[in-house]
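Please go over the structures that come below.
Both of the next two complexes hold chain A, though its partner changes from chain B to chain C.
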Partner chain A sequence: MSIMLFFSILAPFIAACLVPFLFRYKRTIHTGWLVLPIPILLFLYFLLQIPNISGGNNIHLIINWIPSIGMNLSFYLDGLSLLFTLLITGIGTLVVLYSIYYLNKKEKLHNFYVFLMIFMGAMLGVVLSDNVFVLYLFWEFTSLSSFLLIGYWYHRERSRYGAFKSMIITVFGGLSMLGGLILLTIMTDTTSIREMIESKESVINSPYFTGTLLLILLGAFTKSAQFPFHIWLPDAMEAPTPVSAFLHSATMVKAGIYLSARLFLLFGGSDLFFILVTGFGLLTLCWGSYMAVRQTDLKAILAYSTISQLGMIMAMIGFGTEVAIFAAIFHIFNHATFKGSLFMIAGIVDHESGTRDIRKLGGLMTLMPISATLALFGTFSMAGVPLPFLNGFLSKEMFFKTATQISPTAPLVDQLFIIIPVLAVLGSIFTFVYSMYFFFQTFMGKSKETLEIKPHEAPIGMLVSPIVLVTFIVVIGLLPNLINEPILAPATAAVFGTVPEEHIAFWHGEINTPLLMSLAVVVLGTLLYLTRKKWSHVYRLLPGVLSANKAYDAVYEGHLRLSRKTTNMYMTGSLRHYVLYILLFLVASGGITLVVTDGFAFSTSDVAPISWPEIMVGIVMAIAAIATVFMQNRIAAILVLGVVGYGLSLLFVFFRAPDLALTQLIVETVTVALFLLCFYHLPKLDTKKQSTGTKTVNILISASVGILVTLVAIASHSSKRFETIAHYFIDESHHLGGGDNVVNVILVDMRGLDTMFEITVLGLAALGIYAMIRLRKEEEID
Partner chain B sequence: MEILMSILAGILFATGVYLLLQRQLLKIIFGTALLSHGAHLFILTMGKLNRGAPPILVEGIEDYVDPLPQALILTSIVISFGVTSFLLVLAYRAYKTNQTDNMEHLRGNDHE
Partner chain C sequence: MSTLLETVTWLCLIVNSISIVMLLYRAIKGPSNPDRAVAIDTIGINLISMTGILAIYLNTSMFNDIILLIGILTFIATVAIAKFLERGVIIDRSRD
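Our next item is the complex of A and B:
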């Protein structure tokens, strides 16, 4: 039966392939209805696994993919995966249902549901994979599908910006994570997460431990929008609201949390893990909730709220005690319920009133009573108001409890620990403020006349999904132990290794510190909410100029500018510059090699005797060559060049190369003739003086090339490595080739292929010349 | 002798490179011609000079100069001739089309 696990991941991908056809041939029905059965069936399947998992029977499945590098489709369903699969498929179902009413049939629905199904399959793959590389594969699939979904309305500038930003940040993190995972694989010699945890010792004692941890946490932090990588999340709010509810509150942003939790048994014991995860978690909690108060867009408030809640969960994983892990798991579940419903309500408000701007909204209570009631439960649960029917309060109180309990167990400076509960309370106060702000500004007060459409209650189909989620808020608030045994306990066991003896209760029968902290949050939060106009100018001081978004834009723009500048600097379009680069590299690499390898040698033991006629010809050639440089008259330059060529053929005569001398003579004559033919059509030689700088560079470069060539020639002549093979040609020329002119025998017999292609080159040159002269556009012919 | 010929090849290379760095197309082609002369001389020098008779077999002679570099140079001469003539015609066409043979002006535009 375990093969079903594989099909559960495959099913959304198959659905994604079918959606375009369904969209095309079933135009009368909203495509969403045809997609809906997939998440429902998957949800039921995972629901049926609860008895197995809570009984300790985890499901494991391996399908060979690329066994040679240890990349197999290895899937594993334990308590933690089960919690996430239930969230993905459950909220996925509700989101698909919601989207049916949210998205018009005129939209490009096939795109939407294809992306959504890819995302769902990828997310299931992330939480079920046991193989780190398969995990990474699905991880990037979620990044990609998220990119596509954010940019769903691609004609909008802001959508494209948001999609691009989230892509860059999450893929940056994903690649870092890949690095970390590869290091883990090298350290433990396995690609399976469970086997890695078993060989934990080799990871902890490895010199790469710190780097690995940092790289993997970078992946987790970027995906889960932790400070300072949180900036992509508010911009991802340009996506359609169902997407925001699904990806950017309930599932994808928890992938980083999932990863931290999954690898908790591997890294959990280390101080660095504690410091980083707790530190960044608390920082994100405070910064996210602080920034949320300032937003004016409903979805932006929820985005910063998500950031802050994710920070809180991350901090709890960092605490690393049994209760903290349990509380983190509990809050993952709770956050998915209330944040999903709040996003859907924000979508409803947007849909039914035409704006999401909180400054334009107000007094919707009477017009949209059902949505308002749902929002009330959602926001109060998010704020952690101490009421017995709100799940958010329960997990928040556990958060406070773990924050105060942390100091005795961890081996760090005690005085620092007082800051943890303080930060926890501070973050929660701001959470309270923005929750109240969200609810009261939207639904209470006077209704405003500026709205374009008259607000009215949403259709019942749109309300079903938030109603279901709010039901969860209340039911779990009232009866928290309902999900304790079947879901939370196995999940905690999967993360921490042992099952906690935790009973979630609203009232512990005594007044303890966490309860007092909760009360302080409510009191201070109410005060701050009522006086918020008086202190809102602090936002000008902080973040003020210290905005991470500005930093991102500056880095991005600066990067573009820098690369443009760099490219413009060396890609000048001037041939001379490119030739200079090539020659400089030649001189530098050749010179350095000569010096470093001590390659220069000088020996006169094996040289031919000097004879004067040859010297004279050589001197004439040298003078002629140098003279070509200074010639200002075209004919003189061509003739002097001819002197070099004829000199060379004379040298060939002296050095006993009759065929060469002949060929050189003819070729030189023809070349000179060609030059003379062409010069008639070409302009006069440029006599304009070059600047001294340019001239100096030219002289330096050409002199050094000349010297390098000379040195190489002398060195290679002076160091004898092996015998020449000339005697073979000479011995066998007559016998094998049937000819006495050895050079010719070599050309046509022994190395005939060279000659064939040399003929080809000549033929091609001729064809090219013909084409250049004859084949032109009509109007170009002079 | 080889040492001196190496120096001569170096001079040919230096002047060739200097011409290659000029603005005018014609001078650049002069440069390539000089460079190929230098290269041919270089190859010949590597094969050792004046060690025996020309490589045409004659009864009774044992020592011949190395025929292989000569074969290589012969191929190279022909190829460089092909390239040089092609370049010359190219220069002619480029001048006709663009009305300039100054390489600094023949830079293309930003959209290429």
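Our next item is the complex of A and C:
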């Protein structure tokens, strides 16, 4: 039966392959209806696993993929994975249903559902993978499909910007995470997450521990939009609203949370984990909720709200107590319900009134009563208003409770832990303010006449999904223990290692600190909401230049500018410069090697005697070569260079190499003739005035190249390691090759292959010249 | 090989070398390109003689090909250069 787990991940991918065909051949039905069964079936499948999992029978499945590097399709379903799979498939179902009514049939539906199915499969893969590399694979799949979905309306500039930004940031984090995962694999010698947790000691005692933790948290923080990597999420709101509801509130942004929770047993005990995760979580909570208040776009408010809530969950994971983990998991669930419904309502408002700008909206209560009621539950649950039938309140209260109960294990935190509840309350106050702002500005007050469309209630099909989610809000608010035993407890057990007690019953009872904190949030939040016009100018001061978006743009632009500048600096298009780089590198690498390896040797033991005529010829060649450089016209230069060539052939004669001398003579003559042929077409040699600086550099480089090559030649001649094999050729050429000319026997018998390819080179050169001349002529005719 | 012959070949080679050096001066100094062309041609002749003397000195007949080749090549090269200097091209295009 466990093989079903594999097919549950595969199913959305298969569906993604089929969707284009369905779209093509079933034009009468909205493609969404054909896609809908997939998430429903998956949801039912995972629902059926609840008894197994809560009974402690986790499902494990391994399919060999690349066993030689430990990369196997290893899937593991425990409480935490189950919670996430239920969220993914459950909200996936609702989102697909919602999208059927939200997206017009004229849209490119095949694209939409293909991307959505890829995303769903990838997300299931992320939460079910036990193998770190498979986890990473699916992780990048979610980044990719999110990129595609954000850029769904690709003709809009903002969509492309948002898609690109989210891609850059999440892939940056994903790559860091890969680094961390590889380090983990090296440390523990296994690729399975569960086996890593078992060999926790070798990770904690490793010198790479800090680096590994930082890299992995970087992945988790970028994906889960933690400060300062939260900036991609508000820009991702350019996606269609079902996508925002699904990816950017309920599932994908929780992948980082999932990763932190999954590796909690590995890193949980360390101070660094506590400081980083708690610190950044609280910072994100406060900053996100603070920024949400200033937004004027409904979806932007929700985006910053998501950031802040994710920060809250992250902070709870950072607290690391059993209750905190439980509360985090509870809030993951709650946030998915109310944030999903709020996004859908924002979509409905957009769809039915034509705008998402909160300044243009108002008084929709009477026009859209059902949506307004749903929004009321959603926003109040998000704000954590202390009403017994809202699930957001329960988890918010547990958050306060855990914040006040942190046992200061870390020495540094000993002094600072008092600030944690303060920050928690601060963040929650702003959460309250923007929640109220969201609800009252949209649905209460006077209705405005500026709307293009006359607002009206949405069709029932569109309302079904938010109704279902709001039902969850209320049902879990009333009966929290309904999901406690089957879902939350196993999930906490999977994260923390032990099964928690019934913590959720704490929501009622005597007046305690968390309740007082909640009341303080409500009172202060109401005050702030009513006076918000008076302090809204604070926003001009605080994000100001400190905005992370500005930093991103500056980094991006600066990076482009810097690379352009760098490229323009060395890619000048001048061949002269490129040759300069090549020679400089040659001299530097060769020279350094000579010095470092002490490779220079000089010995005169194996030197032949030199005769006067040879010296004379050498001097002639040297003078001619130097003179060539100073020649004022081309003909003179080539004629003097000819002297060098003839001198060389004479040297060949001196050194008893008649074949070489013959060839050298012919080649030299032909070269001179060819040069003369070309010169007719060339302009007069212009004596370009070069600055003395350039001249000096050129002289230095050419001299150093000459010296280096000379030194290398001397060194290699002075250190003969092996006997020459020339005797073999001399002895055997008559016998084996049937010839007395040893050079020619080598060329055509002993090593004929070289000769063949040199003939090929000459043939190609001839063809090339012919082609260049002929083709150019034809072009000139045009 | 007798000492006399060796001494003579040596002397000849050195004289030839000096001759090449002097020709080189003409080739570099110019002043006109025809001067250089003649100098190069004469260097070629000197190469012929040096190769011949070397063949005597090394007691081999392998260099005789080279002597003939230099003769042909210097002729061709000189004609080519001469034609270039006179008309600017070496190989004329067909005139139709």
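Just so it is clear, the second predicted complex is superposed on the first by the 761 of 782 C-alpha atoms of A that agree within 3 Å, B and C clash if a C-alpha of one lies under 4 Å from a C-alpha of the other, contacts with A are read in each partner's own complex, and residues count from 1 in each chain.
To be clear about the criterion, a residue touches a chain if its C-beta (ideal position, glycine included) is under 8 Å from a C-beta of that chain, and two chains touch if they have at least 3 such contacts.
Nothing here was measured: the structure is a model prediction, and the numbers come from that model.
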Label the relationship between chain B and chain C on chain A in the superposed model as either fit or clash. fit
Per the overlay, which chain contacts more chain A residues, chain B or chain C? B
Between chain B (first) and chain C (second), which, if any, makes contact with A:604: first, second, both or neither? first
A:762 in the overlay: touching chain B, chain C, both, or neither? Say first, second, both or neither. first
Taking the superposition on A as described, I'd like to know which of chain B and chain C A:673 touches: first, second, both or neither. second
Of the two partner chains, chain B (first) and chain C (second), which one does A:622 touch, if any: first, second, both, or neither? first
Once both structures sit on chain A, report the angle chain B, chain A, chain C from C-alpha centres, rounded to the nearest 10 degrees. 0
Of the partners chain B and chain C, which touch A:636 in the superposed model: first, second, both, neither? second
Kindly classify A:709 by the partners it touches after superposition: chain B alone (first), chain C alone (second), both, or neither? first
Classify the contacts of A:583 with the two partner chains as first (chain B alone), second (chain C alone), both, or neither. first
First (chain B), second (chain C), both or neither: which does A:656 touch? both
On the A-aligned overlay, A:646 touches which partner chain: chain B = first, chain C = second, or both, or neither? second
Chain B and chain C, minimum CA distance [Å, superposed model]: 7
On chain A, which stretch or stretches are contacted by chain B in one complex as well as by chain C in the other? 654, 656, 658, 679
Under the touch definition given earlier, write down the residues of chain B that touch chain A in their complex. 1-28, 30, 33-34, 37-38, 40-42, 44-58, 64-68, 70-75, 77-79, 81-86, 88-93, 95-97, 101-104, 106-108
Provide the residue numbers of chain C that touch chain A in the complex, in ascending order. 10, 13-14, 16-18, 20-21, 24, 27-28, 30, 33, 36-37, 40, 43-44, 47, 50-51, 54, 58, 60, 62-63, 65-66, 69-70, 73, 76-77, 80-81, 84-85, 88-91
Residue numbers on chain A that touch chain C, as the complex places them: 612-613, 616-617, 619-620, 623-624, 627, 631, 633, 635-636, 639-640, 642-643, 646, 649-650, 653-654, 656, 658, 661-662, 665-666, 669, 672-673, 676-677, 679-680
Sort out for me which residues of chain A touch chain B in the complex. 572-576, 579-580, 583, 604, 606-611, 614-615, 618, 621-622, 625-626, 628-629, 634, 637, 641, 644-645, 648, 651-652, 654-660, 663-664, 667, 670-671, 674-675, 678-679, 681-683, 685-686, 690, 698-699, 701-703, 705-707, 709-710, 713-714, 716-717, 724-726, 729-730, 733-734, 740-743, 746-747, 751, 754-755, 758, 761-762, 764-766, 768-769, 772-773, 780, 782
